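Next, two complexes with chain A in common: one pairs it with chain B, the other with chain C.
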Partner chain A sequence: MLKYLRLHKIFIKQYLKKLMEYKVDFLLGAIGFLLEQAVQIFCLGIIFSTIPALCYAKDGVVLDSWSFNEVLFIYGFSLIPKGIDHLFFDNLWSLGYWLVDRGDFDKYLTRPINPWFYVLCEKFCVDAMGEIIVGVALIIYSTLSMPADVSGAINWWRVLPVIAVMPFAIMIFTSVKTGTAAIAFWTKRSGHITHMCYMTNDFAKYPAKIYNGFIKTAITYILPFALTAYYPAIFILRGEAVWSLPVTVGVSVLLFIISQFIWKKGVSAYESAGS
Partner chain B sequence: MKRLLRIYKPFTRAGLLEMVAYRVNFIFFLLGEIMKCFVMFFVWKAVFDSSDSSTLYGFTYDNMVVYLFITFLSGYITYSDGSYAVGKEILDGSIAMRMIKPVDFDMCFMFQELGGKILQLLIVFLPITVGVEAYRWITNGVFMLNVPMFFLYIVSLLLAYGINFFFNVIYGFLAFYLKNLWGTDIIKGVIVGFLSGATVPLAFMGGFGQVLGYLPFASLSYTPVMIYMGMYEAKEIIFYMSLQLLWLLIFVVASKLVLKSAMKRLVVHGG
Partner chain C sequence: MNNDVMIQVTNLKKEFRKTIKEPGLKGSFKALFKPEYETVKAVDDISFDVKRGEIIGFIGPNGAGKSTVIKMLTGILTPTSGECRIDGKIPTENRKDYVKEIGVVFGQRTQLWWDLALRETYMVLKEIYEIPEEDYNERMAFLNEVLELDDFITSPVRTLSLGQRMRADIAASLLHNPKVLFLDEPTIGLDVVVKDNIRKAIQKISEESGTTVILTTHDLEDIELLCKRIVMIDKGKKVFDGELSELRRRYGQMRELGFELKNSQDFSKLSYKEDFSFSDDDLSVEQSGSNIKVRFNSDVVTVENMLSYTLSRVHVKDINVKDADIEEIIRRLYLGGGEQDETTASHL
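Take a look at the complex of A and B:
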C-alpha cells in the first residue's frame, strides 16, 4: 500500500513535468472547463430569474422547494467528487478509447505493479482543477448568500460525515469508469459506453425529487450519481436524507467489487494487437 | 453539377461506410449526449411548475420540450468536425497528398461528412422528430407538425450546416498558428453553444439575446429551431433566412482567403 502511494507521487511528479512542457495546452484546457461551468451557471441564473424558487409539485400541490442558492449549492457540490475523480483517475478513458484497441495495454501488463493501478495513475489531469475550484467557489458563494437561518443550521455534525463518505462517492465515479472501460477488453473499444454511463451524472446536479420514479431509482441505485451530489448536499443543507450516507458506502463498495470483477475477467480476455 | 457529383461520390461513400463501421459507438455516444435533454426536460418541468404563469418569454412548457430536443437534433445534423480533420492533416503532413490531387480540399471533407450524415439522419433525425411530434400529439390531442414550416426548417438546417462547415474549416486552419486543438475546441464549443442558444433560448436573454440573434451563431441552430416551432412570422422567416445566406457567403469567402494564406505558410517535412 505504501509502495503504491509512493509510486503515485512519482507518477504525478512525472506528469507535472510533462505538463510544464505544454503550458499553453494546459491553460487552454483549464480555461475551457472553467468557461463551460460559468456558462452553465449563467444559464441557470437566467432560468431562475423567472421564478422565486424551484418547486416539486404533484397535482398542483407543492411538496418541496429549493431556493436558487440551494440549487447552486447542490450544483457546486456535484462538481467536487466528480472533479477529484477526474483529477486523479482520468486515464481510464484512454483504455476504452485506444489503449486496448491499439494494443498499447501490453505495456501495463509487463510492469511489476497492479495494471489497474498503473492505468489509473499514469495521468494526472490538472484541468480538473477548473471543476474543483468552481465547485468550491459555488458552495462558498451560495452558503454566504443564503438567509442566516438556513446557513446557520449547517454544522460540523453535518459536514464531517459527508467528508468521511466522500472517498466512497469518488469511488462511484471511478468504479463506473473502470467497469465500462473494461468492456473494451472484449469489444476493443468501449469509450462510448463509458461516455453514456458517465453522462447520467448530469441528473445528479439537480434535486433528485424533480425526476420521475424510474430515473430517481436509476440515479440512486444503478448508476448512483445522486449519492455523489444531491443527497450529501441536501444532508449538509437540511439534515435530510441521513439514510443516503450508509447507502453510499454500501453501494460504492458493491460497485467497486463488481467493477474489479469485470476488470479481472477482462484482463484475462485481453488480446494484444498484431503488430 | 453532374461532374461535381461524379468526383465526390467516392468521398460520400467513404463517409457513409465509416459511419456504418462505427454505428454502435455513435449510438452510445448519442445516448450519452441526449441525457442532457432529459435532465433539462425535468428541470424545465419543475421551473414551469414553480412559475405562476404558464408561459415564460412566450414559451409554454410544450414549446420548451420541443425547443430542447429540436435544438439538440439541429446541433447534431449541422455538426461539423472538418476542423479536426483539417487540423490533423496539417499536423501530420498528410494534407500534402490532398493538395496534389485535382479535387477541392474543403469539398472532400464536406462530401465525406455528408456521407456519414446519411446514416445519422436515420439514427437521429427520425426517432427524435417522431418522438417530439408524438409527445405533442399525446399532450395536446392534436397533430401539431406544420408541414410547410417543416420544409423551411430543412432548408434552414442545410444553410446552417454550410455555415458551420466553413466556420469550422476556418477554425481548423488556426491549427497552423495554435498547434493545439483540444483546449481551444472546448472553448469554441462552449462559446458557440451559448451564443447559439443551445442551453437557454435567446429570447430569455432580453435585449442581449436580440443582439445575439444577428450573429452567425444564432443562424446555426436558433433560426431553424424557431422556424420548426412556428415561432417566427413570415417576415421574420424571410429576414432570418436571408441572414443565414449572408453569413454562409461571408464564411465561404473567408475560408477561401484563409486557405490561400495558409497554403503559403505550409511546410510538410518528409512524406
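Take a look at the complex of A and C:
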C-alpha cells in the first residue's frame, strides 16, 4: 500500500513534468473548462431569474422547494467528488477508447504492479482543478448570498461526516468508470457506455426529489451519483437525508466490489491486438 | 523439475472466438444483430523448454501464432488451457511475481514515457521494480556501456530516432535484471549498422548477465547471428524445434553455385533443369549479365557433378559454392507448409 502511495506521487510528478512540456495545451484545456462551467451556471442564473425557486409539487401542493442559492450550493458541491475523481483517476477513459482496442493495455500487464492501479494513476488530470475550484467557489458564493436567517441556520458541524464519507463518494465515480470501461475487454471499445453512465451524474446536480421514481431510484442506487451530490449537500444545508451517509458507504463498497469483479474477469478475457 | 530449465511450456493452447462477418455494411449489421461465431485456434498444443541462459529464435510466418505465444508467456493473455512456467512460476497464479522475472520489448510499441526525458522513464521503472539505488547505478552503468545511452539519455523520448528508441527500450526491459528477456522483432525497421549494434548488445547482455532470451523476428540474420536453437511454429503448431545446424541438415541440402562467365552468350549452353531433371523446388537459376547464381538441392545432384557439368560446358572467370543460408531453408519450409499467402514469402 505504501509502495502504491509512493508510486502515485511519482506518477503525478512525472505528469506535471509532462505538463510543463505542453503548456499551451494545458492552458487551453483550463480555459475551455472554465467557459463550460460559466455557461452552465449562466443558464441556471437565467432560469432562476424568471422563477423564484425550484419546487417539488404533487396534486398542486408544494411539498418542497429550493432557492436559487440552494441549487447553486448543490451544484457546486457535486463538482467536488467528481472533480477529485477526475483529478486522480481520469485515465480509465482511455481504456474504453483505445487502450484495449489498440492492444496498448499489454504494457500494464507486464509490470509488477496492479494493472488497475497502474491505469488509474498514470494520468493526473490537472484540468480537474478547475472543477474543484469552481465547486468550492460556488459553495462559498451561494452560502454568502443566502438570507442571513437561512445561512445562519446551517449547522456546519455536519460538514465533518460528509468529509468522512467523501472518499466513498469519489469511489462511486471511479467504480462506475472502472466497471463500464472494463466492458471493453470483451467489446474492444466501451468509451461510449462509460460516457453514457458517467453523464447521468448531471441529474445528480439537482434535487433528486424533482425526478420521477425511476430516475430517482437509478441515481440513488444504480448509478448512485445523487449520493455524491444532492444528498450530502442537502444534509449540510438542512440536516435532511441522514440515511444517505451510511447508504453511500454501503453502495460505494458494493459498487467497488462489482466493478473489480468485472475488471478481473475482463483482464483474463483480454485479447490484445495483433502486432 | 530440472534446475537448468528456465522456461517450461506445456500443452499451451489459446482459442479466440471470432464473429463471422459477411462483407459490406449489410454484413456488419447482420453480425451485430445475429452474430455467428467461430472458434479460431491461434495456438494449438505447443510444448517446449528453454534452458537457462539460452537464446532461442522463435519464428514462423505472419499469423502463425508467434505473438500469441509470446503474449501468454509474458502474462498478457490467459491461456485457454495448458501452462507456461518461468523459473517455476505461473503468470495466471501470481502475475506480479512472475513479471518481475521477465523483461519485454515489443519492437513495434514503445514502453517508454513518450513525453519525458529518457532518464525519467528509468527513474520510474526503478520505483516500479523497487530496485535498490546501488543495483540501479551498477545496472545503468552496464547498460550504458553496452547500449550507449549516454548520447540521448536527457532527450525526450519522442525525439529519439528509431534505433535510439530501440536501444532505450531494451535497456528499460533489462533494468531490473530479469531472468528472461522477450524480444519481439527488436530489429524491425532499423538500418544495417544499427541492427548489427543491437545484435551485439543482445549477445553481450546474454553472456554477461546470463539472461535467457526469446527472440521473434522476421530477419533471419538475427537468428543466424544470435540463436543456436530455433522453435518454429506455423498455424499454431510447432513444426520444428532444434539446433539451427539440425535444421540445415534436415531441410537444407541447398547449395549455391555462383560463377562469372567469360562470355555471357554461353549461358544458353547450360540447361541444368533438363539435363539433371530437377524439380522446381530443387533448383533456381538467376542471371544478371555474366554473373550466374544456381541454387540446387545437393541431395538430387552432388556438388561435384554440378561443378564438372558446368566447367565442361562453359568457360568461367571465377566460381564458388556456398551453403544455403537459413533464409533459403526457411523459405522452403514455409512454402512446404501448404497454403501460405504470398505476403509471407515476400516478407522474407
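In the analysis below, the second predicted complex is superposed on the first by the 274 of 275 C-alpha atoms of A that agree within 3 Å, B and C clash if a C-alpha of one lies under 4 Å from a C-alpha of the other, contacts with A are read in each partner's own complex, and residues count from 1 in each chain.
Criterion: contacts are C-beta pairs under 8 Å (C-beta built on N, C-alpha and C of every residue); 3 or more make two chains touch, one makes a residue touch a chain.
Nothing here was measured: the structure is a model prediction, and the numbers come from that model.
Trainee: Quick one: on chain A, after the overlay, do chain B and chain C clash, or do they fit? Just give me the call.
Mentor: They fit: once the shared chain is superposed, the two partners occupy separate space.
Trainee: So in the superposed three-chain picture, is A:Tyr270 touching just chain B, just chain C, both, or none of them (first/second/both/neither)?
Mentor: Once the two structures are laid over each other on A, A:Tyr270 reaches chain C alone.
Trainee: Go through the superposed model and pick first if A:Val39 touches only chain B, second if only chain C, both, or neither.
Mentor: In the superposed model, A:Val39 contacts chain B only, not chain C.
Trainee: Once the two structures are placed together by chain A, how many degrees is the angle at chain A between chain B and chain C, based on Cα centres and rounded to a multiple of 10?
Mentor: Result: 80 degrees, to the nearest ten.
Trainee: Of the partners chain B and chain C, which touch A:Ile193 in the superposed model: first, second, both, neither?
Mentor: A:Ile193 contacts chain B only, not chain C.
Trainee: State whether chain B or chain C is in contact with more residues of chain A in the superposed arrangement.
Mentor: Ranking chain B and chain C by residues of chain A touched puts B first.
Trainee: Have a look at where A:Val136 lands relative to chain B and chain C in the superposition and call it first, second, both or neither.
Mentor: Neither partner.
Trainee: Give one of first, second, both or neither to describe whether A:Ile47 is in contact with chain B, with chain C, with both, or with none.
Mentor: first
Trainee: Mind working out whether A:Ile215 is in touch with chain B, chain C, both or neither, as first, second, both or neither?
Mentor: first
Trainee: Looking at the overlay, does A:Ile31 come into contact with chain B only (first), chain C only (second), both, or neither?
Mentor: It touches chain B, and chain C stays clear.
Trainee: Quick one: is A:Ala57 in contact with chain B, with chain C, with both, or with neither? Answer first, second, both or neither.
Mentor: A:Ala57 contacts chain B only, not chain C.
Trainee: Look at the superposition and give the distance in whole angstrom between the closest pair of CA atoms, one from chain B and one from chain C.
Mentor: Checking C-alpha atoms only, chain B sits 5 Å from chain C at its nearest point.
Trainee: Based on the A-chain superposition described above, do chain B and chain C contact any of the same residues on chain A, and if so which?
Mentor: After superposing on chain A, chain A residues 22 contact both chain B and chain C.
Trainee: Which of the residues in chain A come into contact with chain C in the complex?
Mentor: Residues 3, 6-7, 10-11, 14, 17-18, 21-22, 103-104, 106-107, 109-114, 268-272, 274-275 of chain A touch chain C in their complex.
Trainee: Name, in rising order, each residue of chain A that touches chain B in their complex.
Mentor: The contact residues of chain A facing chain B are 22, 24-29, 31-33, 35-36, 39-40, 42-43, 46-48, 50-57, 62, 65, 189, 191-193, 195-200, 202-203, 205-207, 210-212, 215.
Trainee: How about chain B: which of its residues touch chain A in the complex?
Mentor: Touching chain A: residues 24-26, 28-29, 31-33, 35-36, 38-39, 42-47, 49-51, 56-57, 180, 182-187, 190-191, 193-194, 199-200, 204-205 of chain B.
Trainee: Where on chain C is chain A touching in the complex?
Mentor: Against chain A, chain C makes touches at 16, 67, 71, 74-78, 92, 95-97, 99-100, 102, 104, 106, 108-109, 111, 113, 115-116, 120, 123-124, 127-130, 156, 184.
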